[in-house]
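Reviewing the structure listed below.
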Amino acid sequence: MELFVSSFLNVEVVWAARALLLQGFANTMLLIAIAVPLGLAGGLLLALLSLTPVRIARLLLAVWVDLFRALPPLVLLVFVYGGLPFAGLELGPLGSVAVAFLLNSSAYYAEILRAGIDSVPRGQWEAARSSGLSALDTLGWVVLPQAVRNVLPDLVSNTLEVVKLTSIASVVAMPELLYQARQAQSVTYNASPLVAAALIYLLLLWPLVRLLSRLEHRLPSRM
Amino acid sequence: MSGWELFLFSFLNLRVIAEYLPSIAAGFLLTVQLAALIIASGLALGLLLAVLRSLGSLVLSFAIVLFVDLFRAIPPLVLIVLLYFGLPNLGFAPSGFVCTWVVLALVLAAFAEEIVWAGILSVPRGQWEAARSTGLGFFATLRCVVLPQALRLAIAPLTNRTIAITKGTALGSVVAVSEILAQASAGVSFSSNPSPLTLGALAYLVLFAPMVLLARRIERRFAWRR
Amino acid sequence: MLSRPIIEARAIHKSFGPLKVLDGVDLVVAERELVFIIGPSGSGKSTLLRCLNRLEEPTSGHIVVDGIDVLAHRTDINALRRRIGMVFQSFNLYPHMTALGNVALALRRVVGLRRRDAEERARSALARVGLADKADAYPAQLSGGQQQRVAIARAVALEPRVMLFDEPTSALDPELVGSVLRVMRQLREGGMTMVVVSHEMEFARAAADRVLFMDGGRVIEQGPPDCLFGAPKSDRLRAFLRSLERH
């Protein structure tokens, strides 16, 4: 038990690594601030494009989305970070993370938003258009607000996944929370910084998990 | 070399691909094993937890919710790294394979429990009452009447979630599991050519694209229930 | 007429938190008797019915059905429930099973019959309610009246000693009520002991041996249907009967 406390819950070690962990936390927040809006924007774009009446275009979009649903995000990230430089495209850790997350999470967000838009009755479009609203205004003021409401649990759930996924940036030497905790762990040969990182994620995301649990038990959810 | 030739040479270099095909095939097999273990144990544990939760014991439900919240909130890679690099301090060093399996199975169990539990909750009270009024016991009612309806509702979200979590086998590459990504990365550094990564990505697609297509079919087939 | 009582419920109290739903109700039902329970919504009549097979746990009181103490801890409640059939307002058929599957489930799992025997008995139960040709239909493919008859068959197949009906026709379109009442009348003629919570006054008048009027968690008045409907003694029953006539 003592061994467990000294090697997993060692406050001194964590305190010594505080600067490292803090910097890691800041970088994780930066990644979240980049990855979530990028994924949402990309997903919205894809969802809107898939409203096209052109069948072949819809099919291509579905293939695109499924491609990134089937590919592990870490594979994507390693490919962008380690593969593209051979084609003369050097994006660096942050750039690689941004591109990989755009491709991966926009596919998931697109699926969710498309389902949301599908769930809004046709009559809503017709009513709005017949009152003189433009297609864009109809979308922005009438359809999307209802669509987002209908799939809110799935949107929150996916955002939670994107936030957790930022930890894979550690693999391409992006000094985010996990990477820094691992650095501290390998220097001290003590696992407490990793436990601290896990706790920080827990503190950050627990409120979201609770919220989600309440949303999900209120309305039946898809994801 | 033209741009196209350069692209082919870099990303679809047949000589390099042929050289690393065997090792990536080995990685593929290992990934399939890992994925199968995760899916089987994760779904079984998730179902078991949902059944335990339906017993209505406050203490048990609280413990299950705590477990679920924990594994929903902490990134799986953090847990894998923690187990792999932390446990040796206690004089106990499970392989990266075991660490990845255990963590991803627990994460899948947490999500599966939530999904199945939501399904159980959605079965109307009257179904329980009708079955109990004919003399069926609690477990017979759960097994024959409630779970079939709950799982029907759960199957689409469950498939999607299972795919998303099973893709996490790639995280094993971080803790020395020689699955597809690890083999491909090793190939890239030995050959100084990214073609093994292309091959690795293709291997993942071969593994997961059928699952994604299956999930789409399931989603369409069970859509009427929502 | 009054052979030995098959249901004997004494001083039943039931509260949901501060809300008293049953306030000392006695209900004694003789074998082969048909007892009708009427009363405004919220009078506690459904709760009383659900206490009889312990779907609802009374706060206090004694219930004996067919010689067995319903509320005793050592009582095998599942074995007892087999002898108390129940029919619900909302049918509660299992949507993932055919009509035959609905009826056969308890025959297999509770009675312990083999599949073939269970299905044979289920078919004859379905035939008794006039649905022999619907054995392979799923509940969603049946009308409300047919669903309720399957639900009756599900209970009858277990050969219960008593049948409880909780507003069996309230969820039905008016034109479908007749088919369900016909089946209930058949059961009655076959000598089944029945306790029925319902608003079907004509049926009560024609078929019931005794009518109980409940209000505020108590039995206010009881007697043969002619007395109760023809010469109600209490103001509350008079008011209740008037309110029904208006509809």
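Going by the order they are written in, the chains are A, B and C; count residues from 1 in each one.
Here is the rule we use: contacts are C-beta pairs under 8 Å (C-beta built on N, C-alpha and C of every residue); 3 or more make two chains touch, one makes a residue touch a chain.
Note that this is a predicted model, so its numbers are computed, not measured.
Can you name the chains that touch chain A as well as chain C?
B
Taking the mean of all protein CA atoms as the centre, name the chain whose own CA mean is closest to it.
Per-chain C-alpha centroids ranked by distance to the global centroid put B first.
If I rank A-B and B-C by number of C-beta contact pairs, which comes first?
When B-C is set beside A-B, the one with more contacts is A-B.
Quick check: how many Å separate the C-alpha centres of chain A and chain C?
Going by mean C-alpha positions, chain A sits 54 Å from chain C.
Using the average of all C-alpha atoms in each chain as its centre, how far is it in Å between chain A and chain B?
17
Could you tell me the distance, in whole angstrom, between the mean C-alpha positions of chain B and chain C?
Centre separation, chain B to chain C: 48 Å.
Looking at the complex, which residues from chain B come into contact with chain A?
6-7, 10-11, 65, 69-70, 72-79, 81-82, 85-87, 89-90, 114, 118, 121-122, 153, 156-157, 160-161, 163-164, 167-171, 173-174, 180-181, 184-185, 188, 193-194, 197-198, 200-201, 204-205, 208-209, 211-213, 216, 219, 226
Considering the complex alone, what residue numbers of chain B touch chain C?
These residues of chain B touch chain C: 124, 126-127, 129-137, 140, 144-145, 148-149, 152.
For the complex, which residues does chain C have touching chain B?
These residues of chain C touch chain B: 53, 55, 78-82, 84-86, 88, 90, 92-96, 105-106, 109-110, 151, 154-155, 158.
Looking at the complex, which residues from chain A come into contact with chain B?
3-4, 7-8, 66-67, 69-76, 78-79, 82-84, 86-87, 160-161, 164-168, 170-171, 178, 181-182, 185-186, 189-191, 194-195, 197-198, 201-202, 204-206, 208-210, 212-213, 216-217, 220-223
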